[in-house]
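Below is one structure. I have some questions about it.
Should a chain be cited, it is by its letter among A, B, C and D, assigned in written order, with residues numbered from 1 in that chain.
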Amino acid sequence: MSAELFEATKRWGRWGEDDDRGALNLLTPERVSKAAALVRYGVTVPCGRPLATAPAVDNPNPALHHMIQAGDFAASQKGFQWAGDFVGVAFHGNSVSHIDALSHVFVDGQMYNGAPATDVTSVGARRSSIEVADAGIVGRGVLLDIPRLRGVDWLEPGDAITTDELDATDVNAEQGDIVLVHTGRDRRREALGPWNTYAEGLAGLAPECARWLYDKDAAVLGSDGVSDVMPAADMEWPIPIHMCALVGMGIHLLDNLRLDLLADACAARGRWEFLFVVAPLQIGGGTGSPVNPIAIV
Amino acid sequence: MSAELFEATKRWGRWGEDDDRGALNLLTPERVSKAAALVRYGVTVPCGRPLATAPAVDNPNPALHHMIQAGDFAASQKGFQWAGDFVGVAFHGNSVSHIDALSHVFVDGQMYNGAPATDVTSVGARRSSIEVADAGIVGRGVLLDIPRLRGVDWLEPGDAITTDELDATDVNAEQGDIVLVHTGRDRRREALGPWNTYAEGLAGLAPECARWLYDKDAAVLGSDGVSDVMPAADMEWPIPIHMCALVGMGIHLLDNLRLDLLADACAARGRWEFLFVVAPLQIGGGTGSPVNPIAIV
Amino acid sequence: MSAELFEATKRWGRWGEDDDRGALNLLTPERVSKAAALVRYGVTVPCGRPLATAPAVDNPNPALHHMIQAGDFAASQKGFQWAGDFVGVAFHGNSVSHIDALSHVFVDGQMYNGAPATDVTSVGARRSSIEVADAGIVGRGVLLDIPRLRGVDWLEPGDAITTDELDATDVNAEQGDIVLVHTGRDRRREALGPWNTYAEGLAGLAPECARWLYDKDAAVLGSDGVSDVMPAADMEWPIPIHMCALVGMGIHLLDNLRLDLLADACAARGRWEFLFVVAPLQIGGGTGSPVNPIAIV
Amino acid sequence: MSAELFEATKRWGRWGEDDDRGALNLLTPERVSKAAALVRYGVTVPCGRPLATAPAVDNPNPALHHMIQAGDFAASQKGFQWAGDFVGVAFHGNSVSHIDALSHVFVDGQMYNGAPATDVTSVGARRSSIEVADAGIVGRGVLLDIPRLRGVDWLEPGDAITTDELDATDVNAEQGDIVLVHTGRDRRREALGPWNTYAEGLAGLAPECARWLYDKDAAVLGSDGVSDVMPAADMEWPIPIHMCALVGMGIHLLDNLRLDLLADACAARGRWEFLFVVAPLQIGGGTGSPVNPIAIV
């Protein structure tokens, strides 16, 4: 079924056969201007999680944060001194807030627009690297708050969100939106502690939501999980939303966002739309980037 | 003289004795809202440099970009495959676009607001870490285009920018602005190739510009160099702008930005103000972060 | 009690007040020559574990092994091509075979010979770094095979080895020996899978064995665990063998060795002594090094 | 000519078509035992260079040495404290003492024994990884001291060593030897400072020495340079010794050794043979390892 879904929502060639930007093409100056006009309160809300440097059951490959120089010279020293640090991270996975470039996933040996997987070599991606977002990703963000819709604090790992639910929240997604789906993951983690997200799963979109994305014509999709509900039923298509969105539709994904603060900010104002800014690092040949997206309400 | 300048512009306690945010306090919701209203064209301009992974005379500690998985499995393989990468960087220095937290520099063993240097230990900063900017830095950006003012393509390494020049460009800096100073560094690099910025220097602000920052009451200062003109005359105060801004005034700095694209974008529209967004990674105890700031004109 | 044990076995000043080498001073040319004469079969046995790059319950901070260039260029390319890799590791902990320098542990703010802990700054150790072993550690190795003594395949986590047992194995430790204690850890891991060594513990020496080390006058101590039995009864002295050996006696430690192959090699020949070679990387200011020690039987 | 030399010295299949160990097969127990018997003085000599963490003109990709915990906690703290570090290095290149696995270099898309370059993927080498040396490399080492032969302190960058010179030093290489060629590189660096070894070159073996290696039937080749004289005359075969040794003959290489201390130790005793031990880290799929080889004279 996943393969059928993939074919049904695939739109290679829509922006040209050589296109590497995919649905980012929807973020026209007109849409950016209209999104900026959404700012009403001037409050900025962080949508990234703290960089996960501590080993934990949900963080098997901790990010590195090393001080290369601290303040441990003689304190009486006169004049100038400095401190500095190194940060390193294999950002894909289920822990770190990051953006997936269209070169991150392959279906049957192909990435978005049919480019071969072998275009991603050990020195980076020749096609559809994250460099297409060097100028940032700016647009209208909408928060689909599923726990609020269901009247719960959070969804459980493995809970699948349906297309109907995506249509029933307090805000309607429109063409060119940056769609953010809240599952309450960070609330659950705070209340119950971390869990092994690979073994026990994450709440997320049911596979058929790929069609919803196609119909809505979203520019970007993000979630506090990894968008896909996990575990998957189909081993050959373990993350069908990733596969349909990144490969078939050219929709960049934002994984492991922190959306509880944004959910609170939206609920407090009764308004689930905002200016949304993602600023990936300019990683040549990168298949993504760690990010800390900012919503401005 | 540097020490006198430091004392003259120091304003510890202005936002409370325990304050770690410094001039970010100037970025009030009102200012953020007004900055968002500056967006007129809906064009986004990247102000970060490509992450410098290649060894070069101006990049003695290259950033790491490693593919932990590429597309080099059998291309005929069915179904799902992925690629991913690791990125690592000691971001301080003269190469990488980054933000300096207020804990990055010490004067006589103290950082901003008098916190001791020993509060920055080998496991991170206990005071004034970059976490104060977790929600992003958003405000009115202004570009002071010094090469344009002087009628040249770029300034030479060691060229000092004066207070008068800061007042004479096409835009007036106001209280709470994110002030960006263009020196033409990237144009020069493209035309003449890289140079050893530690030995040969960088164009930047003369030390006395610290007083201008104080009078203007800027929220943030950034440059395509490191704000300070280098080499410095005073070995004990090798980077007086850093020392006065970070330590004395609590002004965060943006180093090694790429501003040629923004200079072009501003000149083309005859307008040097814009919405400016910086989204540091949420690095616990970090003394800064690599960033890719975005201007929205 | 641990503090008393520490005082009873401390021997600061034995090789001079400024000495940083500790018991490595016992590895005289005479002892090295005699150790070389132990080689009888010409068989080399690895005593390091494979570098633990995979996340596992007993490997919370996996080592990094990244290919910076693989063989994924066009296979038809003529002439020269290369592949290469990056390896990175925070080697202390319970996973990676490594040597502890005398600067790795402090008791009441002091390391071996009374040097202050503050001599280990964010840029490395000024005293007793692993550089003292730049020329390698070569001597007579002896394997104390505790599972063999007890007639079991392995010891259980938390099992404490007694002084009597150290004296009862097939070989007698002598002054200046490199003493290796086998607990069967890798056999247990292979049979039962990995376990959380921090929570569940490791077999190792009871604290009072510190006195045995003192009496035997060992040059180096190593184990397939971390020498100390864990968990510890005394929270203030969580690893008393480390504290007494490294800090009090100046005995370098080898942690997380792989000793099952050596146990087999010794048992097959009825001989538990051999030439033993450790070759730490020359890490300036390092508090240790990952190592792959080699026994030559 | 290089291609002819390659064909003339190639010996694929000598130890079986599936062999990944190459000339390490020459290091039989008998040879190891005889090598151990060479130890006469019990003096150990380091043959690795200090890990090059400082940026320098001859070190474009510095190794990382980060303290993840230093001694900068309160010095008065009672009981146990620790310090630890992270070390990371892309060890191939012209700076770091390392061993090249047979999977490090390809000729016309093939590595040793005809295995395809594509067997080295982004997750490591499936054939001829450094794991073949997990048990260490132990044998008779011989030092060919070329500066001594020529009566100079060091060879100049680009100086080519001839086959005749290899035969004229104080020691005769024999079958199964670990052959070390001293060029005086570290002496020159100490006297004149570092130079750009990529642009200016290194002293090393003339290409035709590949035939000498073949005739002598060496087990391993090492040098204080990279064995090959550089710059190369043949751009398609930029490092013919690497290509013939690693790919054609299956001879592992030791690059960037430090041999001045060993040269002094040998000259002082009038004896240029010794027990030589290399202990690579057990890097699964690695194309080499940083090493600190030890000579025991």
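Basically, a contact is a pair of C-beta atoms (placed from the backbone, for glycine too) under 8 Å apart; a residue touches a chain by one contact, two chains touch by 3 or more.
This one's a predicted model, so the numbers in the text were calculated from it and none came from an experiment.
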Touching both subunit B and subunit C (chains): A, D
Interface composition of copies subunit A and subunit D: same or different, split at half: same
Separation of mean Cα positions, subunit D and subunit B [Å, integer]: 43
Subunit C and subunit D, separation of their C-alpha mean positions in angstrom: 26
Junction residues of subunit C, two or more chains touched: 64, 67-68, 70-73, 83, 86, 118, 121-123
Interfacial residue positions of subunit A with respect to subunit D in the complex: 64, 66-68, 70-72, 86, 121-122
Subunit B-touching residues of subunit A, taken from the complex the two chains share: 28-34, 36-37, 39-46, 48-51, 53, 64-65, 67-68, 70-73, 75-93, 97, 103-109, 111, 116-125, 131, 134-136, 138, 236-239, 243, 275, 277-294, 296
Subunit D residues within the subunit B interface of the complex: 55, 60-62, 67-70, 72-73, 83, 118, 121-123
